[in-house]
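One structure is given here, and the rest of the page talks about it.
In order of appearance the chains are A, B, C and D, and numbering begins at 1 in each one.
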Amino acid sequence: MSFTTTSRVRRLIAGALAATVVGTLATACSTTSGSSTGAAQEAIPKEDIVLVASVINLTNPYMASMVEGAKALSAELDVPLKIVNSNGSSQTEISQIQAILAEGKKVVLMVNTVASSDAPPIVNAVKAAGGYVTIWWNKPDDFEPWTVGDNFVAFQKHPGVESGRCTGDALADGIGDEGNIIALPGVQDSTTSQTRVAGLEDALKDHPNVKLLEQRPANWDQQIAFKETQSLLAKYGDEIDGVWAADDAMMLGAIEAVKKAGRIDDVKFASDGLYPPTIEMMKSGMGDDAIVGETFHRGYMAAATGLYTSYLAATGELKVADMTKEQRNSLFKISCVTPENLDEFTKYDTDVEGWVKQLVENGPFDTEPATLIGQGPEKLPGS
Amino acid sequence: MSQTTTATPTSPAPTADGTPRRRARSGSWWQRLGPPAVFLALLLLIVVLQPNFFSGGGIRIVALQATPILLIALGQAIVIGVGSLDLSNAAMGLLAAILTASTLGSLGVVSPVLCVALVTLVGLVNGLVFAYTQVPSFALTLGTLGILQAASLVLSDATTVYVTANADVLAWMFNVALAGLPAAFWMAVVLAAVLWAVLRFTTVGQGMTAVGLNETGAIFSGLRTRWLKVTAFTISGFTAGLAGLTIIAQSGAASSFGLGSDLLLPGIAAAIVGGTAITGGVTNPINVVFGAATIALLPIGAAAVGVPPQAQSLVYGAVIIVAVALTMSRARGAVVK
Amino acid sequence: MTSTQQDPTRTTEAALVLDGIDKRFGQVHAVKDVSLTINRHEVLGLIGENGAGKSTLLKILTGIYQPDAGSIEVNGTQVRFRRPQDSVAAGIGVVHQEQSLLTNLSVAENLAMTASGSRRAGTRLGFYRWGRINADAAATLDRVGASIDPRTIVGDLSFVDRQMVEIARAVQVDEMVGGTPLVILDEPTSVLERNETEILEREIRTLKEIGSVVFVSHRLDEVLRICDRIAVMRHGELVAERRTDEVTEDELFQLMVGRAAQATQRDDRAGGASQTPVVAVQGLTRRGSFEDVSFEVRSGRTVAIVGTMGSGRESVCRALFGAETWDGGTIELEGTSLSAWSTVKAVKAGVAYVPSERRVEGMVGGLSAAANLTLSHPGSTRRGPFLDPRARNRTAATWFERLDVRPSDPSLPLGSFSGGNQQKVVMAKWLMAEELKVLVLDHPLRGLDPGAKEIVNEQIRAACRDGVAVVLLPDTLEEALEMGDDILVMRDGEVTGRFDLSTEAPTSLDLLEKMV
Amino acid sequence: MSDLKARPAPDAAPAAPASASRPRPRIRGVGEVAALVVLVVVFAVLNPGTFLTLDNLRTVLDQAALPLVIGVGATLVILMGSIDLSVEGVMGAAGMTFVLLSANDRNGLDLGLGAFVVAVAVGLALGLLTGLIHTLLKVPSFIVTLGVWYVGLGIATLLFGQAAIPFLTSDGLTSWPSDTTLGLPHSFLLAFVVVALGALVSRFTRLGRYAFAIGADEQIAQDNGVPVGRYKLYVFALAGGCSALAGIVGSLQLGAGAANVGIGNLFLTIAAVVIGGTALGGGKGGVLRTALGVVLLTVLNNGLILSGVSPNIQSAVSGVVLIVAIAAAGWAYRGRLRIAK
């Protein structure tokens, strides 16, 4: 019996000890991490600033491009940069951003959110830490920067409907305005994907003889797109004349599947993003000029624009309170690319630094080819 | 009461007739203190490399991130405690989050209660199917996982569901702080303490431990083993439901792909880093708190210490293995599956 | 301490020489300076109570443990066994106390597995040559006179057949050394029925012709019948060696336990304390297991059911406890017919079951002895849904003292106790219940040393005196005659004989006649 | 889906006298085959003209290739009573290694067959690492392989770096898996060979037989002279090799390097192993049964897509099939004393 008591006492002591340690640590830090309201915008000296670019993963070319742009801006401004890799997980994204905020430096962020619903917790954390954030691509529609305050500088994206229309039209034309296509949306809850699909569907209204056979979400993933396309090819076989994808990564997977099925000369493709491999394919006229429609916008442009917007707000060069709604919930221009006008766009990728220099000169809203063209949120066609 | 004659050994050693003696009580102190020790060691390492970690509220962030993981892990630890595995509990949490998000506006306070109850019911069904069809839990819950994922997609229409009103009903969980840590975290800790007490001081807890250690023996002792297993799965559903609420409290929205969609593996890892023996029968919910804190600390700490983002997943994997190798109970004989 | 002194002839005669073997586990001195010689063509009996150090010694011989001190010589060569394969290579084969066959593999494969480390192995470069393996196995089985198809999956074999396979496997070590094998039989008979034991005895005599045998057993009569020489161990020491022809059963018993045996006479029974049966089984049938079984157990009386493996008596007992279902017939408990019977209901109704597979079924080894003791009938050791550790430890301490359980600390995990002490706790788990009405005992003495046996039997008698109805599956017919009030004989699932010991006095032979 | 009559009752009392012990014919997998036939018939009726076509057959076989290859290693591991969760990580690491060492547009390396060898070696090494940690540190395989999963993904991510997607530049190479010989895609033929080898290994080699032995009872196997630790090591290495091979084929199919080339393969394969009838507890089952399970699940997925079932509820259908299949297979074995973990 003595045994049990001693062991229980030991256990209790251990537990109490652990609890005390944690408790002390907790109280110790709660005194310093008191919530700063971050309501009033104060100019932050440049040397106190850390740039943070948060991307969804590091294995997608678009994300890699974003990192490139962030790096170029960091070099141009001579301000240190941290990259957050969310690894596709909202949890990881939020916790890492919070960890960086916790380091105490004044943080200037560009976040490509994993999911729309991540925006509020990130923005709130940034606000509490007195940093400045610009969100790219995903946020809830009714979560507006001006309702949060100065710390949520802006939300920026390229219009998805426009992209979908652009590529939808090109694809329909590419298959001769008659035939069947399949579509590969991205992650289903992504507004980016949803708006692009809406654009596609809208475009198809003008092409009554083009039929959208089926949509299968492929999660922005090359591998999944490959498998889904394989299945759809098995299902529809030669009926498929065109493949539309919500981004190029998925289109590249689809192209591979179509190649494997031996139909690369018969099927046309259209998608968004004009990734470097896509440029190569278009130049080489892969298939029978298989890629008929693309859009041009760049991860490095998005990242640099977003980061620079936040940075200007942090240094006080941009008075957030004076920014227009258009500047705080912004749609940036995308360009429709066809094999004919491809050459106009290949020049940008060779000189990322040059573009970023231009961005710093012209400001975030007036740098070609990604200029500010309107205010979000996007209106879905027909709604 | 101690015996010193050789005929009555009190130390862990094979008995004289050669049956391998299971490691008795000594040595299990590490089992009790290992998980907090691993957590504190990791914390210390991070603090040394990144002194600002504390002052910036690093602990608060760890607690914040650990909360949903902890809730999932508690249920998982209880299920592992009866010798099974619940691959579906994270999906249950997400389902609860989606349901809450879509009903909170109209139902108010009733909504979270209802959603947790519903998901608890799903856990109960899981347990009943498991107990009565005797499909191995790994396979069964893999199947339920698929069903729940589909349910989430259908109920959310594959998109993000936002809380439209009454967000205050849950928002306090992370807005109110006690001793610097969010209330939700303390709730989870209290739940852990309650579960710890249940396992140690109630007949149900003892029964679940017996089932985990030797189910056949438990059956022949007349224990309601099926009911005990159903209870474990129900608890898992319940804690998953609570985890779903914390997701809503954190982000005010839920989707099949967003926050909370990847809690399964962290939950299992947290339970196991918290000293839960995967073979069953050895579960200490208090230590699971430290397991969850360790798992939550990893990405935050890795970023703080400056591990390159590309290498983070590698570090994550390595730390899980090392942490478990250090803290796991090797008490139950030599056979490790 | 040792009686074997230097003998000039031993180098030529000895198959195995142990010299000064010593082994400790922490504080436990399991084997103390044991020196022992086993000659060729000799059957050596090794006896001792549970915990006397026999098993440890055997595990040293088979390379599972390494001794802390001392040397081993096989056929005149000094050897060191670092792992089981080493001892196999030296020509030592063993039939373990526990079943040690892999039940999902075929007989031939099991036989090949031990041999795989050797030259003879049926594998080449890691590839199995099934034809060779099956042929070798058939030959080996033939040598031990077992007619088993080597391709049979072991799990499909009967118990005695498995034992035969184990022996065949132990025997085949000689093919490796090309000489005389040493076969160790660790309590091979404890799970066998009488007629099966006879087959085994014949087997051992065959073995003696080709090599040496170490025979470990609790059954002194068997040891005397089978062995040439007997070594007795107590508390880790070798306390005596005797030639079989110069020793009696009583003397051996004394050497083993260090005291005189008690008379194993039948008590005078109160006889038929109550007239209404506690348990009434009527026409009970379970397809494939038993058919039309009927019997009654009255309060305070013991019904012993005897029969060979496959007689179905275990299934009947399990049905009583709700662990198996039945297709036809009824069981009445105190006049109430049972339906949807389960272990849970059985325990609640006061039916207790001491299973033969103690470690697996009888207890939860990882829980403390005290927790095991109060697992089924917490009684006063719980308050509502809560445990009362203090009350539990009090209860446990009482029972530990009553049954002389060692070690005497009930908070140790039950799995760390020796077999006999585990069985005492398993018994106490049921005996402590106030509501105990029926005690079903499946081979309660299996693997126990004489001291523990006595205590367990005494508890059974005490339960009877308190009016409990007992159903007993005894290890031996003698046990049935000693403990039973009524004896039921079963064969192939049916009842073939009934004896009321208050009116009849059947002999073992009478029972055996109905069994086979 | 009832294959119950073909199997002996599990608790059939070992009552037969010695003379009657003859090997009982055991017809295995009847239920799975029947289920497969039913699925094929149902889908053929639902999708006349698309399901039972040569093209679709090729697609099914091509899609089954990866899980078939992985299934060989996974089955052996599960036969031992362990589990291998590292599949997707190992696939990523090996696939990326292969792409970067073959003719690609990222670097000038082209080791040809050497790339294949190195990539498989990466898989073997990760498997060996798993085995070493598992056997030496006695960490349950569940945890080790969970960790190695992340480690493998980490390696793949590091190799991927921050440059553009590495594409394989040799068309001959990338078209190899889907090119056909005798009308069958090479990816499937490779999988077929691997499965055949796996079946032979599990039937005719010490490695395979010891996996069964270890799965039945590790302690007894050890006592019977099976070097348990060493063979566990071999099996985990083999499983790593299988995953690596699958990673290579996956990369070839994709024509490019992707860290998550293995995505979705883990749970699919484990489900296939279990549906095939290999017990998660170890000791019972086989490689061929897993192959059957893989084909069953692949046909199911393919058929659901062809039938136009919403992708949102596809996971539910697979889940229900998994539960029902296992429940049906185990229905006769249900018993009050049966332990299901």
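Convention: a residue touches a chain if its C-beta (ideal position, glycine included) is under 8 Å from a C-beta of that chain, and two chains touch if they have at least 3 such contacts.
Keep in mind the model is a prediction, meaning the values are calculated, not measured.
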{"item": "Greatest separation from chain A - chain, by CA centre", "value": "C"}
{"item": "Between C-D and A-B, the pair joined by more C-beta contacts", "value": "A-B"}
{"item": "Chain centre separation (chain A, chain B; CA means) in Å", "value": "32"}
{"item": "Inter-centroid spacing, chain D versus chain C (mean Cα positions, whole Å)", "value": "42"}
{"item": "Interchain centroid distance [CA atoms averaged], chain A/chain C, Å", "value": "70"}
{"item": "Chain B-chain D separation of Cα centroids, rounded to whole Å", "value": "29"}
{"item": "Multi-partner residues of chain B (at least 2 other chains)", "value": "1, 25, 153, 158, 216, 219, 310, 312-313"}
{"item": "For chain D, residues contacting two or more additional chains", "value": "157, 160, 162, 312, 336-337"}
{"item": "Per-residue multi-chain contacts in chain C, two or more chains", "value": "323, 343, 389, 409, 411"}
{"item": "In the complex, chain C residues that touch chain B", "value": "25-30, 50-56, 58-59, 65, 235-236, 321, 323, 343-344, 346-348, 353, 355, 360-367, 371-372, 375-376, 378, 382, 385-387, 389, 406-409, 411-413, 415-419, 429"}
{"item": "Interfacial residue positions of chain B with respect to chain C in the complex", "value": "1-3, 6-19, 21-22, 24-25, 201-204, 206, 209-210, 213-214, 216-224, 281-282, 332"}
{"item": "Interfacial residue positions of chain B with respect to chain A in the complex", "value": "1, 25, 29, 32-33, 36, 40, 50, 52-61, 63-65, 68, 153, 156, 158-160, 162, 177, 179-181, 250-263, 266, 286, 290, 296, 299-301, 303-304, 309-310, 312-313"}
{"item": "Chain A residues touching chain D - in the complex, by the definition given at the top", "value": "58-59, 61, 64, 67-68, 188, 214, 216-217, 221-224, 226-227, 230-237, 249, 252-253, 256, 259-261, 275-277"}
{"item": "List of chain A residues in touch with chain B within their complex", "value": "1-3, 7, 10-11, 14-15, 18, 21-23, 25-33, 58, 82-85, 87-92, 94-96, 98-104, 114-118, 120-121, 140, 142, 187-191, 194, 217, 219"}
